[in-house]
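Labels run A, B, C and D following the written order; every chain starts at residue 1.
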Amino acid sequence: MSEISDLTKSIANFANRRDWNIFHTPKNLAMAITGEAGELAAEFQWLTPEQASAVSGERLKAIELEIADIGIYLMRLCDVLDIDLKKAILDKIEINEKRFPPIK
Amino acid sequence: MSEISDLTKSIANFANRRDWNIFHTPKNLAMAITGEAGELAAEFQWLTPEQASAVSGERLKAIELEIADIGIYLMRLCDVLDIDLKKAILDKIEINEKRFPPIK
Amino acid sequence: MSEISDLTKSIANFANRRDWNIFHTPKNLAMAITGEAGELAAEFQWLTPEQASAVSGERLKAIELEIADIGIYLMRLCDVLDIDLKKAILDKIEINEKRFPPIK
Amino acid sequence: MSEISDLTKSIANFANRRDWNIFHTPKNLAMAITGEAGELAAEFQWLTPEQASAVSGERLKAIELEIADIGIYLMRLCDVLDIDLKKAILDKIEINEKRFPPIK
(Lines give C-alpha, C1' and ligand atoms only; values in the text may rest on other atoms or scores of the structure.)
Protein backbone atom coordinates (compact mmCIF):
# COMPACT_ATOMS: atom_id res chain seq x y z
CA MET A 1 0.00 0.00 0.00
CA SER A 2 1.23 3.48 -0.69
CA GLU A 3 2.67 5.95 1.81
CA ILE A 4 -0.12 8.49 1.30
CA SER A 5 -2.88 5.88 1.71
CA ASP A 6 -1.13 4.59 4.82
CA LEU A 7 -1.15 8.05 6.36
CA THR A 8 -4.74 8.62 5.21
CA LYS A 9 -5.82 5.40 6.93
CA SER A 10 -4.04 6.31 10.16
CA ILE A 11 -5.81 9.66 10.15
CA ALA A 12 -9.21 8.06 9.43
CA ASN A 13 -8.62 5.53 12.16
CA PHE A 14 -7.74 8.29 14.61
CA ALA A 15 -11.02 10.07 13.83
CA ASN A 16 -13.04 6.83 13.97
CA ARG A 17 -11.81 5.97 17.44
CA ARG A 18 -13.06 9.36 18.69
CA ASP A 19 -16.37 9.39 16.77
CA TRP A 20 -15.16 12.52 14.99
CA ASN A 21 -16.41 11.48 11.54
CA ILE A 22 -19.52 13.54 12.14
CA PHE A 23 -17.33 16.67 12.25
CA HIS A 24 -15.20 15.73 9.26
CA THR A 25 -17.51 16.96 6.53
CA PRO A 26 -15.92 18.46 3.40
CA LYS A 27 -17.04 21.95 4.36
CA ASN A 28 -15.69 21.71 7.91
CA LEU A 29 -12.39 20.21 6.73
CA ALA A 30 -11.92 22.95 4.12
CA MET A 31 -12.48 25.46 6.90
CA ALA A 32 -10.03 23.64 9.18
CA ILE A 33 -7.39 23.86 6.43
CA THR A 34 -7.80 27.65 6.28
CA GLY A 35 -7.47 27.74 10.08
CA GLU A 36 -4.22 25.79 10.06
CA ALA A 37 -2.91 27.70 7.04
CA GLY A 38 -3.59 30.90 8.98
CA GLU A 39 -1.62 29.58 11.94
CA LEU A 40 1.26 28.67 9.61
CA ALA A 41 1.18 32.19 8.13
CA ALA A 42 1.20 33.65 11.65
CA GLU A 43 4.55 31.97 12.30
CA PHE A 44 6.09 33.88 9.41
CA GLN A 45 4.16 37.14 9.27
CA TRP A 46 6.53 39.51 11.05
CA LEU A 47 9.77 37.89 9.88
CA THR A 48 11.92 39.32 7.12
CA PRO A 49 12.43 36.94 4.18
CA GLU A 50 15.91 36.26 5.55
CA GLN A 51 14.65 35.43 9.05
CA ALA A 52 11.91 33.26 7.56
CA SER A 53 14.45 31.30 5.55
CA ALA A 54 16.61 30.70 8.60
CA VAL A 55 13.95 29.57 11.09
CA SER A 56 15.20 27.01 13.58
CA GLY A 57 14.64 25.60 17.06
CA GLU A 58 11.27 26.25 18.70
CA ARG A 59 9.84 28.18 15.77
CA LEU A 60 10.83 25.53 13.24
CA LYS A 61 9.19 22.92 15.47
CA ALA A 62 6.00 25.03 15.66
CA ILE A 63 6.04 25.39 11.86
CA GLU A 64 6.46 21.64 11.47
CA LEU A 65 3.38 21.07 13.63
CA GLU A 66 1.30 23.52 11.57
CA ILE A 67 2.46 21.85 8.36
CA ALA A 68 1.48 18.47 9.83
CA ASP A 69 -1.99 19.82 10.70
CA ILE A 70 -2.51 21.06 7.14
CA GLY A 71 -1.31 17.71 5.76
CA ILE A 72 -3.63 15.79 8.11
CA TYR A 73 -6.73 17.79 7.18
CA LEU A 74 -5.80 17.73 3.49
CA MET A 75 -5.51 13.92 3.47
CA ARG A 76 -8.70 13.64 5.52
CA LEU A 77 -10.54 15.86 3.01
CA CYS A 78 -9.26 13.74 0.12
CA ASP A 79 -10.47 10.67 2.01
CA VAL A 80 -14.03 11.92 2.57
CA LEU A 81 -14.31 13.25 -1.00
CA ASP A 82 -12.70 10.11 -2.45
CA ILE A 83 -9.93 12.12 -4.14
CA ASP A 84 -6.56 10.52 -4.93
CA LEU A 85 -4.11 13.17 -3.64
CA LYS A 86 -1.12 11.79 -5.54
CA LYS A 87 -3.03 11.69 -8.82
CA ALA A 88 -4.47 15.16 -8.18
CA ILE A 89 -0.97 16.57 -7.67
CA LEU A 90 0.45 14.82 -10.76
CA ASP A 91 -2.50 16.03 -12.86
CA LYS A 92 -1.99 19.59 -11.62
CA ILE A 93 1.74 19.49 -12.39
CA GLU A 94 0.86 18.37 -15.93
CA ILE A 95 -1.60 21.26 -16.32
CA ASN A 96 1.05 23.67 -15.03
CA GLU A 97 3.63 22.19 -17.43
CA LYS A 98 1.44 23.37 -20.31
CA ARG A 99 0.52 26.73 -18.78
CA PHE A 100 4.09 27.67 -17.89
CA PRO A 101 6.57 26.35 -20.47
CA PRO A 102 9.96 25.62 -18.89
CA ILE A 103 12.83 27.93 -19.75
CA LYS A 104 15.53 25.28 -19.32
CA MET B 1 12.19 6.08 -2.92
CA SER B 2 8.98 7.06 -1.19
CA GLU B 3 5.83 8.43 -2.80
CA ILE B 4 6.02 11.75 -0.98
CA SER B 5 9.70 12.30 -1.85
CA ASP B 6 8.92 11.40 -5.47
CA LEU B 7 6.22 14.05 -5.61
CA THR B 8 8.45 16.53 -3.78
CA LYS B 9 11.20 16.00 -6.35
CA SER B 10 8.81 16.45 -9.29
CA ILE B 11 7.64 19.72 -7.77
CA ALA B 12 11.22 20.91 -7.14
CA ASN B 13 12.18 19.96 -10.67
CA PHE B 14 9.20 21.88 -12.06
CA ALA B 15 10.32 24.99 -10.17
CA ASN B 16 13.97 24.55 -11.15
CA ARG B 17 13.19 24.42 -14.84
CA ARG B 18 11.42 27.79 -14.56
CA ASP B 19 13.96 29.47 -12.26
CA TRP B 20 11.22 29.84 -9.67
CA ASN B 21 13.35 28.87 -6.68
CA ILE B 22 13.92 32.53 -6.00
CA PHE B 23 10.18 32.89 -5.33
CA HIS B 24 9.88 29.73 -3.26
CA THR B 25 11.02 31.12 0.07
CA PRO B 26 9.39 29.75 3.23
CA LYS B 27 7.50 33.00 3.80
CA ASN B 28 6.18 33.16 0.24
CA LEU B 29 5.19 29.50 0.25
CA ALA B 30 3.33 29.85 3.57
CA MET B 31 1.49 32.78 2.01
CA ALA B 32 0.74 30.76 -1.13
CA ILE B 33 -0.78 28.02 1.04
CA THR B 34 -3.18 30.53 2.63
CA GLY B 35 -4.08 31.73 -0.87
CA GLU B 36 -4.91 28.24 -2.09
CA ALA B 37 -6.67 27.35 1.17
CA GLY B 38 -8.80 30.46 0.66
CA GLU B 39 -9.69 29.34 -2.86
CA LEU B 40 -10.64 25.91 -1.52
CA ALA B 41 -12.84 27.54 1.12
CA ALA B 42 -14.46 29.68 -1.57
CA GLU B 43 -15.66 26.51 -3.33
CA PHE B 44 -17.62 25.50 -0.23
CA GLN B 45 -18.58 28.81 1.39
CA TRP B 46 -22.19 29.18 0.22
CA LEU B 47 -23.06 25.48 0.18
CA THR B 48 -25.11 23.81 2.89
CA PRO B 49 -23.29 20.96 4.65
CA GLU B 50 -25.40 18.56 2.59
CA GLN B 51 -24.51 20.23 -0.71
CA ALA B 52 -20.85 20.35 0.32
CA SER B 53 -20.85 16.62 1.04
CA ALA B 54 -22.40 15.84 -2.34
CA VAL B 55 -20.18 17.96 -4.60
CA SER B 56 -19.63 16.44 -8.02
CA GLY B 57 -18.77 17.25 -11.64
CA GLU B 58 -17.22 20.64 -12.35
CA ARG B 59 -17.15 21.74 -8.74
CA LEU B 60 -15.53 18.52 -7.53
CA LYS B 61 -12.90 18.94 -10.26
CA ALA B 62 -12.25 22.53 -9.15
CA ILE B 63 -11.93 21.34 -5.54
CA GLU B 64 -9.48 18.66 -6.61
CA LEU B 65 -7.31 21.29 -8.30
CA GLU B 66 -7.30 23.49 -5.19
CA ILE B 67 -6.39 20.49 -3.04
CA ALA B 68 -3.55 19.71 -5.44
CA ASP B 69 -2.29 23.29 -5.20
CA ILE B 70 -2.24 23.12 -1.41
CA GLY B 71 -0.45 19.75 -1.54
CA ILE B 72 2.11 21.10 -4.02
CA TYR B 73 2.96 24.18 -1.94
CA LEU B 74 2.97 22.14 1.28
CA MET B 75 5.48 19.64 -0.14
CA ARG B 76 7.52 22.48 -1.60
CA LEU B 77 7.62 24.21 1.80
CA CYS B 78 8.73 20.97 3.48
CA ASP B 79 11.42 20.70 0.82
CA VAL B 80 12.86 24.17 1.34
CA LEU B 81 12.69 23.87 5.14
CA ASP B 82 14.05 20.31 5.07
CA ILE B 83 11.01 18.94 6.91
CA ASP B 84 9.98 15.28 6.51
CA LEU B 85 6.21 15.60 5.89
CA LYS B 86 5.45 11.95 6.66
CA LYS B 87 7.37 12.06 9.93
CA ALA B 88 5.77 15.42 10.84
CA ILE B 89 2.29 13.94 10.31
CA LEU B 90 3.07 10.77 12.28
CA ASP B 91 4.56 12.83 15.14
CA LYS B 92 1.48 15.05 15.21
CA ILE B 93 -0.87 12.05 15.27
CA GLU B 94 1.09 10.73 18.24
CA ILE B 95 0.77 14.08 20.05
CA ASN B 96 -2.96 14.10 19.32
CA GLU B 97 -3.29 10.50 20.57
CA LYS B 98 -2.18 11.74 23.99
CA ARG B 99 -4.18 14.96 23.95
CA PHE B 100 -7.42 13.31 22.90
CA PRO B 101 -7.76 9.81 24.39
CA PRO B 102 -9.83 7.52 22.13
CA ILE B 103 -13.30 6.57 23.30
CA LYS B 104 -13.30 3.20 21.53
CA MET C 1 -25.80 57.57 12.04
CA SER C 2 -22.24 56.43 12.04
CA GLU C 3 -20.11 55.68 9.01
CA ILE C 4 -19.69 52.00 9.87
CA SER C 5 -23.41 51.50 10.50
CA ASP C 6 -24.16 53.29 7.22
CA LEU C 7 -21.90 50.89 5.33
CA THR C 8 -23.30 47.93 7.26
CA LYS C 9 -26.83 48.93 6.26
CA SER C 10 -25.89 49.33 2.61
CA ILE C 11 -24.38 45.86 2.64
CA ALA C 12 -27.44 44.36 4.39
CA ASN C 13 -29.71 46.09 1.91
CA PHE C 14 -27.68 44.73 -1.01
CA ALA C 15 -28.08 41.19 0.37
CA ASN C 16 -31.79 41.66 1.11
CA ARG C 17 -32.59 42.73 -2.41
CA ARG C 18 -31.05 39.50 -3.71
CA ASP C 19 -32.51 37.17 -1.06
CA TRP C 20 -28.96 36.33 -0.01
CA ASN C 21 -29.62 36.44 3.73
CA ILE C 22 -30.05 32.69 3.69
CA PHE C 23 -26.38 32.38 2.63
CA HIS C 24 -25.08 34.94 5.08
CA THR C 25 -24.83 32.72 8.14
CA PRO C 26 -21.96 33.36 10.57
CA LYS C 27 -20.18 30.18 9.51
CA ASN C 28 -20.46 30.95 5.80
CA LEU C 29 -19.35 34.56 6.29
CA ALA C 30 -16.32 33.50 8.34
CA MET C 31 -15.44 31.14 5.51
CA ALA C 32 -15.94 33.91 2.93
CA ILE C 33 -13.53 36.12 4.88
CA THR C 34 -10.83 33.43 4.67
CA GLY C 35 -11.51 33.15 0.94
CA GLU C 36 -11.07 36.88 0.38
CA ALA C 37 -8.07 37.05 2.73
CA GLY C 38 -6.51 34.26 0.64
CA GLU C 39 -7.10 36.26 -2.54
CA LEU C 40 -5.50 39.31 -0.92
CA ALA C 41 -2.50 37.20 0.11
CA ALA C 42 -2.25 35.87 -3.45
CA GLU C 43 -1.71 39.42 -4.73
CA PHE C 44 1.40 39.75 -2.56
CA GLN C 45 2.78 36.22 -2.34
CA TRP C 46 5.54 36.31 -4.95
CA LEU C 47 6.52 39.96 -4.44
CA THR C 48 9.59 41.01 -2.50
CA PRO C 49 8.80 43.26 0.49
CA GLU C 50 10.01 46.20 -1.61
CA GLN C 51 7.75 45.34 -4.54
CA ALA C 52 4.84 44.77 -2.16
CA SER C 53 5.35 48.20 -0.63
CA ALA C 54 5.41 49.87 -4.04
CA VAL C 55 2.33 48.27 -5.62
CA SER C 56 0.50 50.55 -8.02
CA GLY C 57 -1.80 50.61 -11.05
CA GLU C 58 -3.68 47.41 -11.86
CA ARG C 59 -2.33 45.45 -8.90
CA LEU C 60 -3.15 48.19 -6.41
CA LYS C 61 -6.68 48.32 -7.82
CA ALA C 62 -7.00 44.52 -7.46
CA ILE C 63 -5.75 44.78 -3.86
CA GLU C 64 -8.26 47.51 -3.15
CA LEU C 65 -11.07 45.26 -4.38
CA GLU C 66 -9.92 42.36 -2.17
CA ILE C 67 -9.70 44.70 0.81
CA ALA C 68 -13.24 45.90 0.07
CA ASP C 69 -14.48 42.28 -0.06
CA ILE C 70 -12.96 41.53 3.33
CA GLY C 71 -14.44 44.73 4.77
CA ILE C 72 -17.87 43.88 3.32
CA TYR C 73 -17.96 40.36 4.75
CA LEU C 74 -16.53 41.56 8.07
CA MET C 75 -19.25 44.18 8.47
CA ARG C 76 -21.88 41.68 7.34
CA LEU C 77 -20.65 39.17 9.93
CA CYS C 78 -20.79 41.84 12.65
CA ASP C 79 -24.33 42.62 11.51
CA VAL C 80 -25.62 39.04 11.70
CA LEU C 81 -23.86 38.41 15.05
CA ASP C 82 -24.94 41.81 16.42
CA ILE C 83 -21.34 42.87 17.10
CA ASP C 84 -20.37 46.55 17.22
CA LEU C 85 -17.22 46.59 15.05
CA LYS C 86 -16.02 49.97 16.29
CA LYS C 87 -16.41 48.97 19.94
CA ALA C 88 -14.76 45.58 19.25
CA ILE C 89 -11.74 47.34 17.72
CA LEU C 90 -11.47 49.89 20.54
CA ASP C 91 -11.76 47.11 23.16
CA LYS C 92 -9.05 45.10 21.41
CA ILE C 93 -6.72 48.11 21.23
CA GLU C 94 -7.22 48.56 24.96
CA ILE C 95 -6.36 44.89 25.61
CA ASN C 96 -3.28 45.25 23.41
CA GLU C 97 -2.27 48.45 25.25
CA LYS C 98 -1.93 46.35 28.42
CA ARG C 99 -0.31 43.34 26.76
CA PHE C 100 2.30 45.38 24.91
CA PRO C 101 3.43 48.40 26.92
CA PRO C 102 4.49 51.27 24.64
CA ILE C 103 8.16 52.12 24.48
CA LYS C 104 7.62 55.82 23.75
CA MET D 1 -13.12 63.43 11.07
CA SER D 2 -14.74 60.19 10.15
CA GLU D 3 -15.18 57.11 12.34
CA ILE D 4 -12.96 54.92 10.13
CA SER D 5 -10.16 57.50 9.99
CA ASP D 6 -10.39 57.91 13.76
CA LEU D 7 -9.92 54.18 14.26
CA THR D 8 -7.17 54.10 11.64
CA LYS D 9 -5.30 56.85 13.48
CA SER D 10 -5.63 55.09 16.83
CA ILE D 11 -4.20 51.94 15.27
CA ALA D 12 -1.33 53.85 13.63
CA ASN D 13 -0.60 55.60 16.90
CA PHE D 14 -0.54 52.26 18.73
CA ALA D 15 2.03 50.93 16.26
CA ASN D 16 4.09 54.12 16.34
CA ARG D 17 4.45 54.04 20.11
CA ARG D 18 5.93 50.54 19.86
CA ASP D 19 8.14 51.15 16.81
CA TRP D 20 6.14 48.50 14.96
CA ASN D 21 5.91 50.40 11.69
CA ILE D 22 8.87 48.44 10.42
CA PHE D 23 6.76 45.26 10.67
CA HIS D 24 3.65 46.78 9.16
CA THR D 25 4.55 46.38 5.51
CA PRO D 26 1.74 45.62 3.04
CA LYS D 27 2.95 42.04 2.57
CA ASN D 28 3.20 41.35 6.31
CA LEU D 29 -0.20 42.91 7.00
CA ALA D 30 -1.85 40.87 4.24
CA MET D 31 -0.32 37.78 5.84
CA ALA D 32 -1.52 38.86 9.29
CA ILE D 33 -5.06 39.19 7.92
CA THR D 34 -4.97 35.58 6.68
CA GLY D 35 -3.70 34.54 10.13
CA GLU D 36 -6.56 36.26 11.94
CA ALA D 37 -9.10 35.08 9.35
CA GLY D 38 -7.86 31.54 9.99
CA GLU D 39 -8.35 32.00 13.73
CA LEU D 40 -11.87 33.29 13.10
CA ALA D 41 -12.59 30.25 10.91
CA ALA D 42 -11.25 27.98 13.65
CA GLU D 43 -13.94 29.26 16.02
CA PHE D 44 -16.64 28.04 13.65
CA GLN D 45 -15.11 25.01 11.94
CA TRP D 46 -16.67 22.15 13.91
CA LEU D 47 -20.01 23.84 14.60
CA THR D 48 -23.17 23.00 12.70
CA PRO D 49 -24.71 26.00 10.90
CA GLU D 50 -27.30 26.15 13.72
CA GLN D 51 -24.68 26.15 16.46
CA ALA D 52 -22.66 28.76 14.54
CA SER D 53 -25.69 31.03 14.30
CA ALA D 54 -26.37 30.74 18.03
CA VAL D 55 -22.86 31.38 19.39
CA SER D 56 -22.84 33.18 22.73
CA GLY D 57 -20.81 33.74 25.90
CA GLU D 58 -17.13 32.88 25.79
CA ARG D 59 -17.13 31.80 22.16
CA LEU D 60 -18.93 34.94 20.97
CA LYS D 61 -16.38 37.01 22.90
CA ALA D 62 -13.52 35.10 21.23
CA ILE D 63 -15.13 35.66 17.83
CA GLU D 64 -15.47 39.37 18.57
CA LEU D 65 -11.75 39.56 19.34
CA GLU D 66 -10.84 37.80 16.07
CA ILE D 67 -13.12 40.13 14.15
CA ALA D 68 -11.44 43.09 15.85
CA ASP D 69 -8.01 41.77 14.86
CA ILE D 70 -9.06 41.47 11.22
CA GLY D 71 -10.55 44.97 11.32
CA ILE D 72 -7.38 46.38 12.88
CA TYR D 73 -5.03 44.85 10.29
CA LEU D 74 -7.40 45.75 7.46
CA MET D 75 -7.46 49.41 8.49
CA ARG D 76 -3.70 49.37 9.04
CA LEU D 77 -3.18 47.93 5.55
CA CYS D 78 -5.42 50.63 4.05
CA ASP D 79 -3.39 53.19 5.95
CA VAL D 80 0.01 52.03 4.68
CA LEU D 81 -1.28 51.64 1.11
CA ASP D 82 -3.18 54.94 1.26
CA ILE D 83 -6.49 53.26 0.43
CA ASP D 84 -9.80 54.83 1.52
CA LEU D 85 -11.63 51.82 3.01
CA LYS D 86 -15.06 53.44 2.91
CA LYS D 87 -14.67 54.44 -0.73
CA ALA D 88 -13.28 50.99 -1.60
CA ILE D 89 -16.35 49.33 -0.06
CA LEU D 90 -18.80 51.70 -1.75
CA ASP D 91 -17.05 51.20 -5.11
CA LYS D 92 -17.20 47.43 -4.68
CA ILE D 93 -20.90 47.52 -3.79
CA GLU D 94 -21.49 49.51 -6.98
CA ILE D 95 -19.57 46.94 -9.04
CA ASN D 96 -21.59 44.15 -7.41
CA GLU D 97 -24.84 46.02 -8.09
CA LYS D 98 -24.10 45.70 -11.80
CA ARG D 99 -22.82 42.12 -11.66
CA PHE D 100 -25.75 40.82 -9.64
CA PRO D 101 -29.00 42.60 -10.56
CA PRO D 102 -31.41 42.73 -7.59
CA ILE D 103 -34.52 40.55 -7.75
CA LYS D 104 -36.63 42.88 -5.62
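In the analysis below, a contact is a pair of C-beta atoms (placed from the backbone, for glycine too) under 8 Å apart; a residue touches a chain by one contact, two chains touch by 3 or more.
All figures in this text were calculated on a predicted structure; none of them were measured in a lab.
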{"item": "Copy pair subunit C, subunit D: interface residue numbering same or different (half cut)", "value": "same"}
{"item": "Pair sharing more residue contacts (C-beta pairs) when A-C is set against A-D", "value": "A-D"}
{"item": "Geometric centre distance via CA averages, subunit D-subunit C, whole Å", "value": "3"}
{"item": "Separation of mean Cα positions, subunit D and subunit A [Å, integer]", "value": "26"}
{"item": "Subunit B, residues touching no fewer than two other chains", "value": "27-28, 30-31, 34, 37-38, 41, 44, 49"}
{"item": "Subunit D residues touching subunit C - in the complex, by the definition given at the top", "value": "2-4, 7, 10-11, 14, 17-19, 25-28, 30-31, 33-34, 37-38, 40-41, 43-44, 47, 49, 52-53, 55, 60, 63-65, 67-72, 74-75, 77-78, 80-81, 83, 85-86, 88-93, 95-97, 100, 102-104"}
{"item": "Complex contact set, residues of subunit B against subunit C", "value": "23, 28, 31-32, 34-39, 41-42, 44-46"}
{"item": "In the complex, subunit B residues that touch subunit D", "value": "27, 30-31, 34, 38, 41, 48-49"}
